[in-house]
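One chain, subunit A, appears in both complexes that follow, with subunit B as partner in the first and subunit C in the second.
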Partner chain A sequence: MSSLLPLIQNETIKVLKKKRFYVVLLILIVLIPVFTYAQMKIAQNNREKFNQDWRLELQQRITDIQNTLGSDRVPEEWKKYRRIMLQQLQYYLDHDVNPDEPNGVTFTRTFMDNAVTLFIPLLVMAIASDIVSSERSTGTIKMLLTRPVRRWKVLLSKWIVLMMFTGIIVILTALLAYLISGMVFGYGGWTFPIFTGFALSGTEVNFDTVHIVPSWMYMLMQCGLIWFSSVVVAALGFMISVLVRSTAASIVTLMATLIAGSILYNMASSWPTAKYLFMINLKLTDYLAGTPAPVEGMSLPFSLGVLAVWGIAGLFVAFRVFTKQDILN
Partner chain B sequence: MNSAAAIVLSVQQVKKMIGRKLIIKNVTFDVRAGEIFGFLGPNGSGKTTTIRMLVDLIKPTEGRIQVCGFDVNRDPEKALRYVGSIVENPEMYNFLTGWENLDHFARMVPEIGDDRIHEVVEIVGLSNRIHDKVKTYSLGMRQRLGIAQALLGRPNLLILDEPTNGLDPLGIKELRAFIRTLADSGMAVFVSSHLLSEIQLMCDRVAIISRGEVLAVDDVEQLLTGRNQFVIWQAKPEKKARDILSASGAVTFFNREDEVIDEAVLVGVPDYAILTETQPESIAELNRKLMEAGVEVEGIQRIMPTLEQLFLEITEGERIE
Partner chain C sequence: MNRKSTSRLWSWIALFGLLSTLVLAVGFGFGVADILSPASVPFTEMPSVQTPPVKETAQADEWLIATIGDSLTRGTGDGTGEGYVRRVVKMLDKVQDKPVTLLNNMAVNGMRADQLSERLNQESIGYVLKKANIVLLTIGGNDLFQSARSEQFGDQSLNQDTLLAKADQGVVHLKKVFAGIRKWNPDALIVYVGLYNPFTDLEEMREIGNNVVQKWNDAAFQMINKDKNMIMVPTFDLFQQNIGMYLSSDHFHPNGDGYQAIAERIVQSIR
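Up next is the complex of A and B:
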């Protein structure tokens, strides 16, 4: 009967008028300069140390890694990582490409890589945790569900709006990181070549598939992957928002899970089945950069699959509960 | 009321189990077009649970609820089109203005435009403040806004849950008149309350619910006739009057402490007054006897039984809060 469009319009108005979204923006505007400043300090330090020659710095890092590989006191798993890292750095050196050249685009790329497991999920949660639970805690759900509209339509409109805002948050994070860091490092670097397509086979990095893409394309792929993992986090937050009445409780539940995930990440190599947890798979961008996965047997399609299953399961529970539930309070 | 009028809401043998507890045991009643139907019961009797079932917030375990011929639980998209409701408090979005709230709900119903919003705002008299944030509204204004959203879709059935909550006496009086005009225009109005006097003043018919069961459904007036009436006799000397009344066998005495009559009614009645339950037809005869015996009758006061007493009779003393 009634179409979805007006419902989507309603939900969008509510998200915007509630000002939560502006808090998210404010957090970004306050925090990105802090990271920019830190990055600037690092760049300054390096320049002083190596007399402005990045090749010396890169060579130094390669030597450092080689030294630790010789030591017996370094565990075998760590050595595996380092051997791969070593090969990558060597590749950059041979091709005369500075992987850490400070500019707006490089900063954004690094920032997004680090933001994917906790920072962006937290921002997404600020919207996701509230979108259903707030209707219940304020009692407006009674007004909302006594309209001649099927419940699944109401929930679907909320989910579509949430996906929309997840996308907006990812894009805004990247955009603000670029605009703010660009003021310090300059706005260049869009065509800077980046190596990607590393395929991990055991401990060796397979370079057959490695190719060079310009920075802008790399970032596009990166944002796409971040959006995907954020949507999965949003789906799980959405489910918790349906199940839990209090907004605070739903934020805490998911954040605790995510933080537990980032702790587990470092221990996962000795616990292979951990690779089926969604938290371990959130760093999709690692596959782009060629950073080895924490558990053997993980690959981009594997992680996408695991995340998709978690996300769909979350949505299924959310819709099932929401459409059957008695509204008692 | 006109019993030929169309049945707008039909509730048939509705039961509801929550957990392993049967919360609603058996609720059956019909509401017709143009009448104000009272739903009376103490807090915790299942009033709100029943109302939530009427608007599809809760699914009944058994039984059927139909609005204008459509099953509320199976076909909510059609059935709820004919219903406007306020369930418990009129909770609106605080961070939006009154207008934005109405606009929000209007979008969820097809064919409701700005002109209809203007109309309902005018009807409830909120025009001056409609563009202010709801968080600045008083309880009375929220109640008005709640009624405005309920009227948006031109409903055939208006469901109001404890509508006088938070209103001052003047507001209650206005609301009563307002509900009457709605009913006169052909709308069926369903009003719940735990205040029995309110139902008595407002409603044409009433269903009395207690512990999840409807005990009686009848015209408000019908429920009151045929019952004994309370009569307060003021006569001197009291002793002699009491003896004569007692000898006639037509009266039952009771004390003030029995609390059968509302305390408010007894204000100003002197201590020596005799409280009785008397058949109305025998009052004149008793009066003559008293006069003949030389008792000075100062006053005979008939008190209509209130729904309070009626309710106490039916429920055998379940507490009313």
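Up next is the complex of A and C:
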């Protein structure tokens, strides 16, 4: 441990010096206001149309879903999803709780939900992809490995630093989303009730286990689940970073995989084997919100298992290759 | 950046990273626990049904319109998507000076009277009806012609006796629909848009269809007549000769012009 701490310090400073982390910050600071503005426009629009009453808006949303359900042109998969949505929205309406209460916390919750499959992995990748490969493309890896430190310790220190930044990125994304959107929507809503625990069986929703969690608790759980997904993405990015020499190539590899995953996500229902891919399982927050999983029969333990296997395999390959390979040129 | 500030920055980052990871790990634990065994985390509560309070029903100084019923109220067949509902709102807005607001259009395609009377039991529908002072509705077309539409040119389900029997059944539910709306709002003006016969241009269906629709409209009128705050807007005559002009390509729903004609009638009777 005593020899690990200076290594970690060294690696942290390298990440900071390479300015990658500031790029991440910049992306967040630029993009979140864009989303906030769009959300504000939608909210304004709805308020005008529905006489300032969210119940009317929600009722109209429910009626609109009911109307699409009657159409033969709507695919069965979408209908299933909408039937579940419908029952959940009706549940909110019957309990007189606005599912989209306009405030900073609601914005953050929605933003994080949408960020989990692509946005946050991308930010994590910005750090993960070059943490090893840049050492090789610049040639500094030789200096690093000629030190009297075991190779696995070098790599472990890099992994620990990556974990640190993964945690920071998730927290920072939520924090910035809250702070920036709060300027428009207000900073309240921490104790606003959220329903969770919708048990799905087919298109039926079982309300027996539904319970209320305060918004802050929901966000904590949500961020925790997002963090787990991010750690797995970080592990895979880490592996690719070890395997591929160029930083650009390692970013492209993982980004292509993630984008392919988000395309596959919508088609997965007709290809059940896709549920063993890690990209399909990244949206752990769906289990919290009660959104149906893309493939029938997926559950939280299943997704956690799949993600854990991918993550551990990634780390194993990374350490194995890094400790054994010859460093040439 | 000098050495000292770098080392201070690094310790801040390390601390922040460690704290973030700890918080997130706790959140992850709670999240998994709550999904696997619901309500096991602290601060959870069990939900209770709450009915939203409704402010005093709108007074005569504004028009608050709620609409409910089937595809006609939805506006199916209208290329502009406005249906008679939005046309009525627009026209009312022009012809008089009180503000006109459409609260909700709660119509669902394919709805039959029995389904509608069921739907009227919902608290959330009641909430909207309570707020309104005008309720527009269409219902019945699907009760009579739902099966006829799917086999439009097969004569199996189109014989007069089956259709009359369907009308008898549907009328019972229609009564429940009116009662259901009144239950939520005893004061609102209820405007029922009568049925028309969409088959007047089919030689073998013209007479049968007219009989059945007229029977339905008669029965509806009898019920509406008992309540001084209900009116029935007839559409039967509008479509008798003008099927080609007023029906959309599905040969069942009105097109834009058809909805315009219905809307004009409604505005004439309630302005």
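One rule holds in what follows: the second predicted complex is superposed on the first by the 327 of 329 C-alpha atoms of A that agree within 3 Å, B and C clash if a C-alpha of one lies under 4 Å from a C-alpha of the other, contacts with A are read in each partner's own complex, and residues count from 1 in each chain.
To be clear about the criterion, a contact is a pair of C-beta atoms (placed from the backbone, for glycine too) under 8 Å apart; a residue touches a chain by one contact, two chains touch by 3 or more.
This structure is a prediction, so every number in the text was calculated from the model and none was measured.
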Message: On the A-aligned overlay, A:Ile327 touches which partner chain: subunit B = first, subunit C = second, or both, or neither?
response: first
Partner touching more residues of subunit A, whether subunit B or subunit C: C
- request: Would you sort A:Ile13 into first (subunit B), second (subunit C), both or neither based on which partner it touches?
  value: both
Message: Contacts for A:Ser270 in the overlay, against subunit B (first) and subunit C (second): which applies, first, second, both or neither?
response: neither
- prompt: If you stack the two complexes on chain A, which partner ends up touching A:Ile171: first (subunit B), second (subunit C), both, or neither?
  reply: second
- prompt: Between subunit B (first) and subunit C (second), which does A:Met221 come into contact with in this model arrangement: first, second, both, or neither?
  reply: second
Task: Indicate the residue numbers of subunit A shared between its subunit B interface and its subunit C interface, in ascending order.
output: 9, 13
Task: Sort out for me which residues of subunit C touch subunit A in the complex.
output: 6-7, 9-10, 13-14, 16-18, 20-21, 23-32, 34-36, 38-39, 41-52, 74, 101, 103-110, 122-125, 127-128, 131
Task: Under the touch definition given earlier, write down the residues of subunit A that touch subunit B in their complex.
output: 1-2, 6-7, 9-10, 13-14, 17-19, 138-140, 142-150, 324, 326-328
Task: Please give the residue numbers of subunit B that touch subunit A in the complex, ascending.
output: 18, 52, 55-59, 76-81, 83, 85, 87-96, 100, 104-105, 107-110, 149, 153
Field: Complex interface listing, subunit A residues touching subunit C
entry: 8-9, 12-13, 16, 50-51, 53, 55-56, 58-60, 62-63, 66-67, 70-71, 90, 93-96, 163-168, 170-171, 193, 195-197, 209-214, 217, 220-225, 227-228, 284, 287-288, 300-301, 304
